[in-house]
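Here come two complexes built around chain A, the first alongside chain B, the second alongside chain C.
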Partner chain A sequence: MTASPFAVDALRQASGAAPSSTGNGNISSSSSTQRPGPGSATLDLVEQMNEDEKKKYVKGKKLGEGTYANVYLGHARHDPSLLVAIKKIKVQKEYRDGMAPDAVRELTHLQELRHPNIISLLSAFSSKDQNLNLVLEFLPLGDLEMLIRDVDRVRYGAPDIKAWMGMLTRAVWFCHDNYVLHRDIKPNNLLIAADGEVKLADFGLARGFADPGQRMTANVITRWYRPPELLYGARHYSGAVDVWSVGTVFAELIIRTPYLPGDNDIEMVRLISRAIGTPTEDNWPGVTKLREYTIPIEVTPVADKATYMNRFGSVGPEGVDLLMRTLILDPRKRITAREMLEHKWWRTDPRPSRKEDLPRKSGGEEKVAADLKRRPGVVDEEGKAKVARKLDFGGALGGGK
Partner chain B sequence: MATEDVRYRQSSQYRLWSFSPSKLASMRETTNALARASISERMLASNSLPASNNPSAPTSGVNTPEPDGATPTPTPTLPEFLTPAEELMLVTLYTSELLRAGEHMGLTDEITSTAAALFRRFYITNSIMTYPPKDMIVVSLFFGCKAEGTFPSVDHFVKALHKKGPEEILAGEFLLCQSVRFALDVKHPFRALKGATMELRRYGDIEQSRIEEAERHAREILRFSPHMTDAYFHYTPSQIMLAALSLADRGLAERLIQATFHYVAPSTSNDSDTPMANSDVGTKEARREAKAGEDQAAIIGSYVRDKVLGTIEACRDMLSKELPDRKDHWSSIAVFKVQFRPTTRKLTKCHDPDRWDLVALQRRRREQVMDKADSEDGDPEARAGTGTAAKATVDSDAAVFGGALEPRDNKRRKVLDDPFGGPL
Partner chain C sequence: MSRKPIANARGPASGSTTSAALPGLSSDDMCPVCKTIRYLNKDMEFLIHPDCYHFMCSNCVNRIFNDGPNQCPYAGCHRTLRRKGFRTPFFGDLTVEREVDIRRRVAAVFNQHEEDFRTLRDYNNYLGMVEDLTFELVSGTDAQRSSAEAQLQQWEAEHKADIERNRKAGREADEASRRRIAAERDAARQRRIDAIKEAEEEKLERARTREAELDTLASAPEGQRPGGGVQLKRRVQVNRAVEAAAAATTNAAGVPGGGVAGAQPPMITKLSIQGLKEKRKPPAPEGPYDPFGGMDFVPSRYKLHDGLVHPDVDKYRFDLAHATGGYSFDDYRARAMFEAFAGLGVFIEDEKEVGSGLSASEVAAMSAGIAAVGDKMELD
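Then we have the complex of A and B:
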């Protein structure tokens, strides 16, 4: 893969053009053709490496423009059939402290995470205006949200759900196993490759969690997919937050509408309380101590399996069992991503669909662009108020250390 | 265990920032040579050379390339440049300053260590004669926070480190990011140390106080010695940890290694080492067992153990050259005067005339982009046809940077020697 640009290579190339310490000393050969200008455009080693990286790809038409990034179609110079999406991160004016957190996070984590179910970062380079460009694999078939919403034209069943859930769960397990929390799992961050493979994308809210003592912000994960501990303002949390999101995506895949579409945090707590159960000291020891815990007006007992079977029975009793475990209120009791992979649902009939048999629709490039240029943590509340509700992740994170 | 190794090999720290000692040395030489060349050129172009008020400036020889007619002999006015060895010495000096600043600001060990690693990476691809190390210390600390997932306000840094303004820090941020090849995740040995002490406790027969003392001492080493040497470029976090533990308490480190690589082949299969010779082993199970034994031996057998011991010994030697008791050496004014001042003086005379001021450089670069009026960033398709438009954009980009460089896409192959001595 083209994923590994090596400094060594660039250096070696560079040393060919420049005098080595014992060389013949033709100093100006490397830069004699430079136009002298206001900034003196002589090519530094770093600039040259960057140029090398940049020139591996040909930037094509703009697929979309957003507040956070512009997205271009591109292809590898050596192989025009190798399509890429070039995501050019815009300088964010409202963030005064340099490179914005989402760009840093996306870059940091995608550089490290290589997995078939995680979008791959092929390269990164800077354009002359000092903007960061991320070269990502091109995933032309849209996202899971498109498939979920197109009720009229897209039909799918339990085997398909099982296949998609399998891919999502593997991606999340891999993140957690590498001590990374994604913190924004939702259907439109699950992109679909040309071969049907689902890929987790958008690591703009991700963070490492190797140090258990560190405080983290509770203001993450798009609201409908946000677990109760975050709604209650927990500052110490774990992979369980992502698992809850996976559970709500699972539910949404089955019922084909968002499972817990709350308009605000208070409504979210109410919806969770009604659908899943009211968090109490009995089912979740310690919950009343969380910073933003509110005493419930009415207490609904935790939903039993029969209740779930009524609504989610199409994935069978094992599937419902897995769903229920992902939606356990107490994060400490919630199933982990690894345990999810060991669940018996995967091994009970029906078998998951093969990738090539999964339903798809030609997502169109617009959708690719829409997915990549979006700011993390934003709900596209279609059919609701057109105003995207966005997380205040910039400033809120500033204080936390 | 093998899988953890595979995973480490996927990390940017291994892929992009691990080198054999000879490779690292040649990179430093290349960077130094390039810097001399371009700084000479820029000095000559801008006439910013001090009018030979430098009596020690050489007229020819070691520090300037041979004038062989191709260059119009500007040598007499050029300053004396730093050698790669002098550059490395100064990078190490400023790394010690960075570590002190991190401590002064109360940053976590991880953040300060990340900052130090980024700083040292920065000065592999850049010469200390090109960009100012004192500014890059602050940039590295600031960006180290971000890379570790905390996003401090730049004003906090301005105040804590007595800077003039936020621009001074922000101007170098993108430069740093680009110079470290956008690889921001740095893997440290601290967590490995926690794991090792938990493991030592689990053995149950080692005095608690001994473990605690070793951990404390090893941690102190890890905060200093690996950054003051090239350890991060050559060794994995766990190797660095074991080397530090070995310096703190050799017995404990060896115990840990012996216990980990404990596999001893069952005596029956000892007579034949090659799998071929095992063909006479009758049953499938026996063969499978033999195969499993080989696998085990390949992962935790004595051969691997000896290899690991050798690697750790080498890392230990490296760390032992910069133990924490050398802190005083690096911060001593008396030592500075004798050992470093001549070189820092030299640096003030030979640094890059165009790039030393990061704020001005950043401003110039912005203006340049403004001049170009987003010829690059507009949608190429909107401006012209389709395929050719893209090509035109790229070509014009190339022109700005002085024409096409080398034929692209010559297959990049991985040229790292394996400095880690195979899978653990």
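Then we have the complex of A and C:
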């Protein structure tokens, strides 16, 4: 076995021609390369490699904080212009003597999935306190949530939505094609690369497809993006759960506000029932037998196309058709990620924007300064009366004392 | 203490005319009072006073104002400033800093909501009025400024109760949103914990079935034990799935050459395996949009013609919990085939078995494998 500097290769690949855009998916045809096993003969060598990996990166300022990790900006020691994100998993008391399992989850799955629309893992090492550090490609342009929310400054239209949806759907399709469920798809886990490419990140809840009989937890996916089968406590589910999330993100991209923003699971079911239709034995055989099923107070029929057109018509009838298929109540009837990509919407006009032309987030300080230059009383493009601009300096600026 | 007034102070802030040009902080990193250059003293910090927005370094502030109120050292600025009024500016552009301060002050007084007005027009008129007033405070002449200031104070006096009520509502909304965010964070944490439990239960379950499998093997008559020692249950299970699928696939074409790693059991020669993942060339830049991004593996890897018939699997096929939750047996079958044929000796689940106790060395080992993407190791 040779201890070739794999990670360096990975880094080089990632910084130059993105490996995955020209690559062949995650399954290489040569399976000859053997990873060093944790056998005792290789242990010292392996420790040494860990040290080597660690030394290759310099950690910088904090970029963000998540539930179980802090994320820092970093760069390669040999080339400071090579930026990376270092995700340092927080120590969890319960797992003192080992790596946190969700970190391992993220590591194993990211390692398997190489795709232009999935964040790439460049390396991993553990620091002295047994903390796992994931070295990820640095994605400097924020996330989709920032773009969706910045209604005043970020304008986008149907071609942009189609481009973003294409990237998201490809990412999900690729996960599923490799038998991985993501289980946390939402706008703020969709990060944006310097060239505008959207990348699915945060694999902390991902898992492989389960065998028959194997129970999975129903408590996954952030509530607003959680499908009805999980709200009803299903323990045997499929990629359809991610597809529902994709559908709710699609809707949110169009209306620029969360589509089903329930405060709790009960309200979620109510919102779904009202907006999409009440799950019944008719439209979803067996649903009433699910563990957490609750008898609805009122039954709303499944929304028809006209209803969707009213709210989501800006993506055209084909787009609305695709949206409706991602939001089918019965997961067995819901469209799959692959079928989504085969849908005719992608090939109907308008053509998706080129990623270089996609709208980008605006900066913090510049944003406020630019806001000041604007005057109230604007009427927006659609010509409908809009509330005059009201500038909020209350919380946004960290309250200057 | 010599306090020579500074000659170069560009346009006083609330001096005689307007706020027009306040010096920017970033332009030259020099303290206009003591002429120290930031470059020579990295810790140097600039402070401003919101009465006149004149900036100076913290050393100067301490030196001049430590012993009590004193006059601003800028030429022509006659403000009396106090030490505790100084702060670090948020913006490099002090004109912006000042405008933001003014707006914050105005917003605290004019804090009516849309719901407080009968029509959208009324609300917009109100916002327009507030904006005019703000504009005068920000860039009006002296006279305009003081009249605007008077208006502001009058409004504050007349609407005290309203303002206080809205302020309180704002605080409560803040409080509610803080609580909501905290609850959301807790929920996210709980999801992580549940996912961990899920993995642990699976590990236990696998250990149990493995033991059972070993027992069966041990009690089997000598001649029926498989060669090569112990087989893991999953492997056994997958092989069964393959057998079943192979049995179900009688009308399929032969195996194309290559692509399948390892020795092939004779029975699979009838399967039509499309081979390993292949990519198509990405389309030319201006070609038609390809939703698969040039990466579709066409057609799907295997042609499987019928369902699995193995009882271990089929018993779940009619299980309501599987059906209703959307569990996909097609996915399972495809995965079983894929894992059996694609030269993978290791299953995702087996890899995850390293689970909670991964050592530094194992991480290094994994990281070393990251570049060798997709090259799954053979564990046998």
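Rule of thumb we're sticking to: the second predicted complex is superposed on the first by the 304 of 401 C-alpha atoms of A that agree within 3 Å, B and C clash if a C-alpha of one lies under 4 Å from a C-alpha of the other, contacts with A are read in each partner's own complex, and residues count from 1 in each chain.
One rule holds for everything that comes next: a contact is a pair of C-beta atoms (placed from the backbone, for glycine too) under 8 Å apart; a residue touches a chain by one contact, two chains touch by 3 or more.
Treat the numbers as computed from the prediction; the structure is a model and nothing was measured.
Touch criterion met: A:L205 reaches chain C, while chain B stays clear of it. Once the two complexes are laid over each other on the shared chain, residue contacts for A:R105 go to chain B and to chain C alike. In the superposition on chain A, A:K56 contacts chain B only, with no contact to chain C. Touch counts on chain A: comparing chain C and chain B, the chain ahead is C. Looking at the shared chain after the overlay, A:A234 reaches chain C, while chain B stays out of its contact range. Shared-chain residue A:H78: touches chain B; no touch with chain C. Judged by the document's definition of touching, chain A residues 6-9, 13, 19, 21, 23-28, 30-31, 33-38, 42-43, 46-47, 49-50, 97-99, 101, 104-105, 107-108, 111-112, 114, 124-126, 130, 132, 207-208, 210-211, 394, 397-398, 400-401 lie at the interface with chain B and also at the interface with chain C.
Across the complex, chain B is touched by residues 2, 4-9, 11-21, 23-28, 30-31, 33-52, 54-56, 58-62, 70, 77-78, 88, 96-99, 101, 104-105, 107-109, 111-112, 114, 124-132, 178, 207-208, 210-211, 394, 397-398, 400-401 of chain A.
By the touch criterion stated above, chain B contacts chain A in their complex at residues 7, 10-12, 15-17, 19, 23, 26-27, 29-34, 36-38, 40-42, 45-46, 65-68, 70-71, 84, 108, 110, 124-126, 130, 142-143, 145-154, 166, 169-170, 173-175, 177-179, 181-185, 191, 354, 361-362, 364-369, 371-372, 374, 376-377, 379-382, 386, 390-391, 393-394, 397-398, 400-403, 405-406, 408-409, 412-416. Those residues of chain C whose C-beta lies close enough to touch chain A in the complex are 87, 90-93, 96, 99-101, 103-104, 107, 114, 120, 123-124, 127-128, 131, 170, 174, 180, 184-185, 187-192, 194-202, 205, 237, 259, 261, 276-279, 282, 288-289, 291-293, 295-297, 312-313, 316-317, 319-329, 331-332, 335, 338, 342-344, 347-349, 351-352, 354-378.
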